[in-house]
Structure formats: C-alpha cells, structure tokens
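Next come two complexes, and both contain chain A; in the first it sits with chain B, in the second with chain C.
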Partner chain A sequence: MATRIQFENNCEVGVFSKLTNAYCLVAIGGSENFYSTFESELADVIPVVKTSIGGTRIIGRLCVGNKNGLLLPHTTTDQELQHLRNCLPDQVVVQRIDERLSALGNCISCNDHVALTHPDLDKATEELIADVLGVEVFRQTIAGNILVGSYCAFSNRGGLVHPHTSIEDLDELSTLLQVPLVAGTVNRGSEVIAAGMTVNDWTAFCGSDTTATELSVIESVFKLREGQPTAIVDDMRKSLIDSYV
Partner chain B sequence: METVQADFAFFDPKPSDFHGVRLLLKTYLDSKPWDLTGFVDLILEQTTVGTVVKMAEDEEDGNDGEANGSDGGDNEDLFGLITVLNLGRYGENRCIKDLKDYLLGVCGDKDTKKKLRALLEEKASTVGLLVCRRFVNFPYEMVPKMYDSLFDEVSWATEDEPTQELQDSFRFKQYLLVVRIFERKTPPKQKSKGNKDIDEPVIYSKLEDEIFRELSSWSFTFPIRAEQSAQQELKNYREMGLVMCVKAEAIPKFCKKLEALVSE
Partner chain C sequence: MRLEKCWFCSSTVYPGHGIQFVRNDAKVFRFCRSKCHKNFKMKRNPRKVKWTKAYRRLRGKDMTQDTTFEFERKRNRPERYDRILTEQTLKAIPLITKIRHERQKKHITERQKGGKSMSRKKDAKELEQDLQMLPKKDTVAYEATKQKVIVSQLKTEENLMEE
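Now for the complex of A and B:
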C-alpha cells in the first residue's frame, strides 16, 4: 500500500524520512501528523524513530541504510549517534563515517543486497558501505546524473528511476540490482524520485501531490498491492482494452 | 569576485511552472497544512493577470531535441512571482477558504478581526490578494517593473476580459497582503564601539513591504510557528507574519515611492 503524506506543506517526504525493512527514521517537527502516519502504518512491525542529523531535519538526504546498518555523515552529533544506537534494533550497525560527500542519502541508494553510489565516492567509504550495509556496491550514474541517491528509489522487490533513463540504462541497472525497474515520476512530475517518496518491501510513502497514475505505477513496480498478481493484470487489462472485436 | 551576466524575462504563468511556483509559495502561510497545491493551480490558471520571472530563453536551447520532455527542462527555474487573486471570484475554492480561515484564526485583535472579516466576506468581490514572492537575492532593479506589470495587467483586464463580470472582478477597491517580517525579540543593547549587531525594531524581507505598511489602512502581525532561521545576524529577531490592507487609491503613491527607494 502506498500512502500520500506531507511534511509542513512539503511534498518531499523522502527528505524528511528514511524507511527500511528494519526501522524508520522521521524528522522532528512537521506537526504530529507526519510522525503518526508512519506510526500507524509501521508501529507493530518496526520502530519509528524521531531524530535530527547534524541538527537538521533533512535526515532522508543525509543518511543511508538498510536492514543491516545505517551510515551517518560526519556532521552527526554524538548525542544523535547515541540516540540512534539506543533506539534502533541491535542487529542494525549504526556507523558515522568521514566522507567528504556528506549528503549520503543523495549519493548512495541501496536495498538489502545492492548499493548504487556516486562515482566520486571515496574508496574507503565504498568498503564501509559493503561492510556495514552488507551489500554489493556499484558506482553508477542515472540518466547522466551522479546523485544516484536522489534520482532513484529501490527496495528488494522493485525500483523507480529518473524519467529520462534510457531503455539500455534501465536494462543495465535492472541486471545489476536484480529487480524490475520503471522510469517514472513522483509528486506530479518531479524527477527527484528519492526526495519525493520513501519505500520498503511492503509499504511506501509518497508526497501528497503524487497523482493517481504515479501512485499506481509505484504500487505496481514495488509490488505493494494486496492480492494476487492476476488481480493486477486484470486491473490493467480493463484500462488497456477499449473494445473487443 | 566573479560577475555573472544574467538575463531575466517576465512570462505569463503556465502549467509547467507548477514546481517553481509551489517552491516559492511553500512558506506563504505557516507550517499548518492547507490546500497549497490548489492555490498554485489557481495562480497558474489566471494567465491574464500574473507574472513569473525566469531566465530569458536562449535561442539555441529552445530548438535542441533534448530528451527533456515537452517543456524543455532548463527553463523550470522560477526566480519570482507576482499576481493578484480576487477573493470573491475564487471564494469557493478550497485554498481560498483555507486561507480565509487561517487569517481569521491568527488575527488576535478584535477590532482588526472585524475589519478583516468584512474584507473576506461582504467585501470579498472587491478585494485582491496580492501575492509577490521571490528569492532573497532577486535583483531590486526588477521589483518596480514587477509591480508595474501587475497593475498594468489589472487595468487592461478591466477592459479586455471577455465578460462584464470578469472585467469587474479586476476593479479592486483594496488589496490584501500576507508577508513576513522580523521583529526584534530583545530590547536594544547599548551601542558599544564595534557592535555590529543590527538594531532595527523591524526588518522587512522585502523592502516594499515597509512602504505598503506605511500606506495601509490597517495591518496586524502574528507569530510564525515554523522553525526559525538559524542566521547569525537574525539571532535577536523573531519571524512574524504581517497582514496588510491597502486601498487601491494608494497604489500610484506606492509605485512612486518604490521607484524612489530602488533608485537610491
């Protein structure tokens, strides 16, 4: 199921949150509505933790994580680091790293098995990502953009990438990631996919400007719809076939 | 220091300006959710009155067969917006209802609230909500031109609109403005030598708002609940909202004073 929400009239929900299969981070502020929407969807399954990073609310763009770990930029304060270590499950390794490109969420995109990174990332960082997050790391660009963390969002079941990604690139990325990919938009035509939404294997949160078409593409590629695959195919068939000859 | 040559141009609002306009209006009202998207759509639909400021289009870029979709992605950066919306004409739109409720909610003083309510209800069809939003470093040389172009478009609309009703909807008697200012929190410090702190009681983010306030029939301020700016120079200041009602007759005086201010 995909839910539409906003943070203080801001549809960039992927900026103010970070969702994985093991935990969810939410920025402080933005009226209790933001936090409680996450809580009501996730409460019994994974912890929802309010936090700041480096005193800022743009936590989704500064950190990167999956069920194995969470990587934080060098701007993270000691208190924030301790708070996260306390609140997240023990099996999640929380690590602060010294990478010049400190907006880790913009530079790195990952699921529980694979990570795509900014081509100029430090070699040491690449090793840390492989180590802490337990993933295979690939340096990539998306539709010519080096900020791979901003222009794609993928889970273990599917992914959404920048709308101008070519078919060849889509195929190549899909092979690397081993998940189906679709080129699309979020928040009424925004190309910055990861800023506009956040997703894990069973749920997604998108900005409230996301159109019904965009939402249905998201629910379909990330396999979020309840029900059998045949139900989805029948659904699509109705909209595709105009008349039977 | 490097100088950059930039050419700006004024355009009528169009649907592809959605993201740029939304970005400029994100902090128009406070952090409480309201129909911002509807408000943006409303502004974009009114193409006869309203201007967006973008970089002037390069001849070469326009014809590039870019894979950038129909609108030529490059020109999405909006630097400024100015428009005026008739509160009566759009009174049934959810965004205008949200806005009216919000303003009535934040107005503290009873007497001012009465005047505000009259403006938003009985007199709404003669009231124009004047919206001017721009980036902080927007060159001041263009500001008088923005206002001139708006008031010109308003006066042309009173003749050019297709129906009498629409023409009348642009004969505004008053303008309502919702802007942001900074008010000093702490009492003024003793001026010591080398004290570089700003000491004004009020700082206007947009200089012309000070002129509007001088010429306004009434105005009121209200506190902003969203996160305050972390700028060092503004640490003694608190961001406030300012609502002003300016009579249409005062506009020519405003334009003159604005021109004088900018040419200083």
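Now for the complex of A and C:
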C-alpha cells in the first residue's frame, strides 16, 4: 500500500530513508513528521531507526541493505556504526566497506536475492556484497546509466526502472532479477526512481508529487494492493457463494 | 570524532589540528601539522625522511611486529554494545599501552647493545694501523707490549743492491 510523504518539503523520499523487509532507516529531520509517518505504518512490524551517515542526512543514497545485512560507506563514523549495530536486529550484519565509490545507494540496487551493481565496482566489494547481503551480484547498466542504484527500485515482488529503458533491456533485467519489471516514473515524471520512492515487500513510500497514475502503476507492479479488503473478497468470492448454496 | 594518524609522520592527529587533503581518486591524506603537509607537497617519500615513523620502522630502529599492535585496529564490523565488555576494554587500554611502551624501549636497548664490543674492535684496529696518528701519551702502554725484532745487516745490503 503506497503512501505519499515529504521530507521537509522535499519529495525525494528515497534519499532520506532506506526501507527493507527487516528494518527501516530514516534521516534526522527538523520536525518529526517524516519519522512518525514511517512509525505509524511500520512500528509494530520492523524497527524504524533514526540515523545519520557521516554526519549527513542523505542516508538512502549512501547505504544499501536487505533483510540479511547493511553496507555502509567508509565515511560512516564509529559512533553511527555502533548506533546502527545496537538498533538493528542481530540477524542483520552491519558492515562498513572501503570503496572509492562511496555512495553505495547510487551504485548498488538489491532485494533479498539479487543485486545489480555499478560496472566499476571493486572485486573485493562485490565479494563483500555477496557475503554480507547474501545475494547474487550482477554488473549491469540501466538505459545506459551506470548508477543502477538510483535508476531502479525493486523488491522481491516487482521492480520499477528508468522510463527510457528499452524493451530488450527490460526483458534481460527481468530474467536476471526473476521479478516482473515495469519502466515508469515517480514524482511527476522524475526519472530517478530510487531517489523518489522507497519500497519493501508490503509497503511503499513515494514523494507527495507522485500522480495517481504513477501511484497505481507502483501499486500494481510491486503487488501492494493485495492487502486490501477488496482483493481478499474477490479471491474468496467463489468459496463464499459455494457456502450459501 | 576519531583520532587519525598523520600520513607522513604517523603521529596522532587530534581534533582541531592539521589539514586533510582529498585527492581526485578519493584517497584522503591527513597531516598533523604544516611540516608534514609541506613535505608531502614537495613529494618527499616518508620512508626516506629520517624523523618519520615509516623510516624508523623500515630500518628496524623501532619495533614493527608485536601482538600489542593487534589491539589497535580499525574494525568494520561492530559488535552490539555490552556494558561489561566496554568496562573491561577501558580497563585494559592503559595496561596495553604500558606494555607496548615497555617493549618498544626494550627493542631500542637491545638494538644498541652491540655497540660496546664494536667500538672496542674499532679502537684495536686503529691502534694497529694508524699508530703514528695517535698522540704519544696514549700509545706508550701499547708500545711497551710490542717486541723489538733485530733485522740482520746482510739482508738490508742485499735489498739495497736489488734496488
């Protein structure tokens, strides 16, 4: 179920937050509105952690993670590292990596099984990703862009990519990732998908500029509508009519 | 806040001191003071500059390998906060630094031990070869030990004839 929110009047939600199936990281804002929206949706299911990375608020673009682990850039301070380790559950491995491309959220895009990475990433980093996140790693580009982490967002159930991705690329990526993919936009035509929204298996958060069309596309590709009562009734209709007879 | 090491001299850079230089390949160089920064700008290799830790370690003047160095490492995978563990670590830190200092001092005294025998050998050689260069009062005792050998007249005449 997709929610529209803003971070201090900015619609780029994926920049200031990181949502996975096991935890959610949120940037420290001036007011508590951003944090409380996440909390109201997710508080009883997964831990919602307020943090900074290297003293900055752009945490969504600097770190990458899934339910198995969290990778942080070398700019993360020791105190922030310790804070994350204390707040996140023990199954999540928190690791800081030394990589020249320090904006990991822009270079790597992953779900719980597969990861797409920037083609220039170090071999050692690639091995660390496979080890910490427990994923299969593929070096790819999306619509000619090397920053795969920013131009696509995918979960275990579906994915949204840059609008100018060709159909062949889309098919190729779909077979690699084993999820249905759709080329679309977010935040009234913004091509930077992962910066404009953040998603996990059952919720998504988009910028408040996202149009109703974009929102319906997101809800259908990530299969977020299934939790709704209407969907359940439709599925159960056959069995309900049977019971009347 | 983190106490970093100076890239040039390897001393600790405390907050509020020094300069950081970030190169185009994203490598960060930290310097403790302008002396190190200026040496770096002159493209000097710290391994060739005598007062740096890199030089001293390379030449074996300072202790290189020791188990006490293993404790102070940059760790990338943190552990969950445990009060008892933290307390024990804080208690252990001054003990470890003390042991490390003791071992470093010992390394230096060990290194300087061979000096006395070497200087004696050097003095013996000097007495043997350059006896006439030394002042007379120092060599009286040495000359007393030497035995005078009488060379026969015949032999010297033959030598003169050959010349």
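In this text, the second predicted complex is superposed on the first by the 225 of 245 C-alpha atoms of A that agree within 3 Å, B and C clash if a C-alpha of one lies under 4 Å from a C-alpha of the other, contacts with A are read in each partner's own complex, and residues count from 1 in each chain.
Just so we're on the same page, contacts are C-beta pairs under 8 Å (C-beta built on N, C-alpha and C of every residue); 3 or more make two chains touch, one makes a residue touch a chain.
Since the model is a prediction, treat every value here as computed from it, not as a measurement.
> Thinking of the overlay built on chain A, is A:S31 touched by chain B (first), by chain C (second), by both, or by neither?
A:S31 sits against chain B, while chain C stays out of touch.
> So, does A:Q82 touch the first partner chain B, the second partner chain C, both, or neither?
second
> Quick one: is A:P119 in contact with chain B, with chain C, with both, or with neither? Answer first, second, both or neither.
neither
> If you stack the two complexes on chain A, which partner ends up touching A:R188: first (chain B), second (chain C), both, or neither?
first
> Which of the two partners, first being chain B and second being chain C, lies in contact with A:Q95: first, second, both, or neither?
Second partner only.
> Tell me which partner A:D209 touches in the superposition: chain B (first), chain C (second), both or neither.
first
> Once the complexes are superposed, what residues of chain A are shared between the chain B interface and the chain C interface?
none
> Residue numbers of chain C touching chain A in their complex, please.
Those residues of chain C that touch chain A are 1-2, 25-26, 76-81.
> Name, in rising order, each residue of chain A that touches chain B in their complex.
6, 8-10, 29-31, 33, 57, 163-164, 188-190, 208-209
> Could you pull out which chain A residues touch chain C in their complex?
On the chain A side, the touching residues are 77-78, 81-82, 84-86, 90, 93-98, 100, 102.
> So in the complex, the part of chain B that touches chain A is made up of which residues?
Touch list, chain B to chain A: 18-19, 22, 26-27, 29, 31-34, 36-37, 67-69, 226-227.
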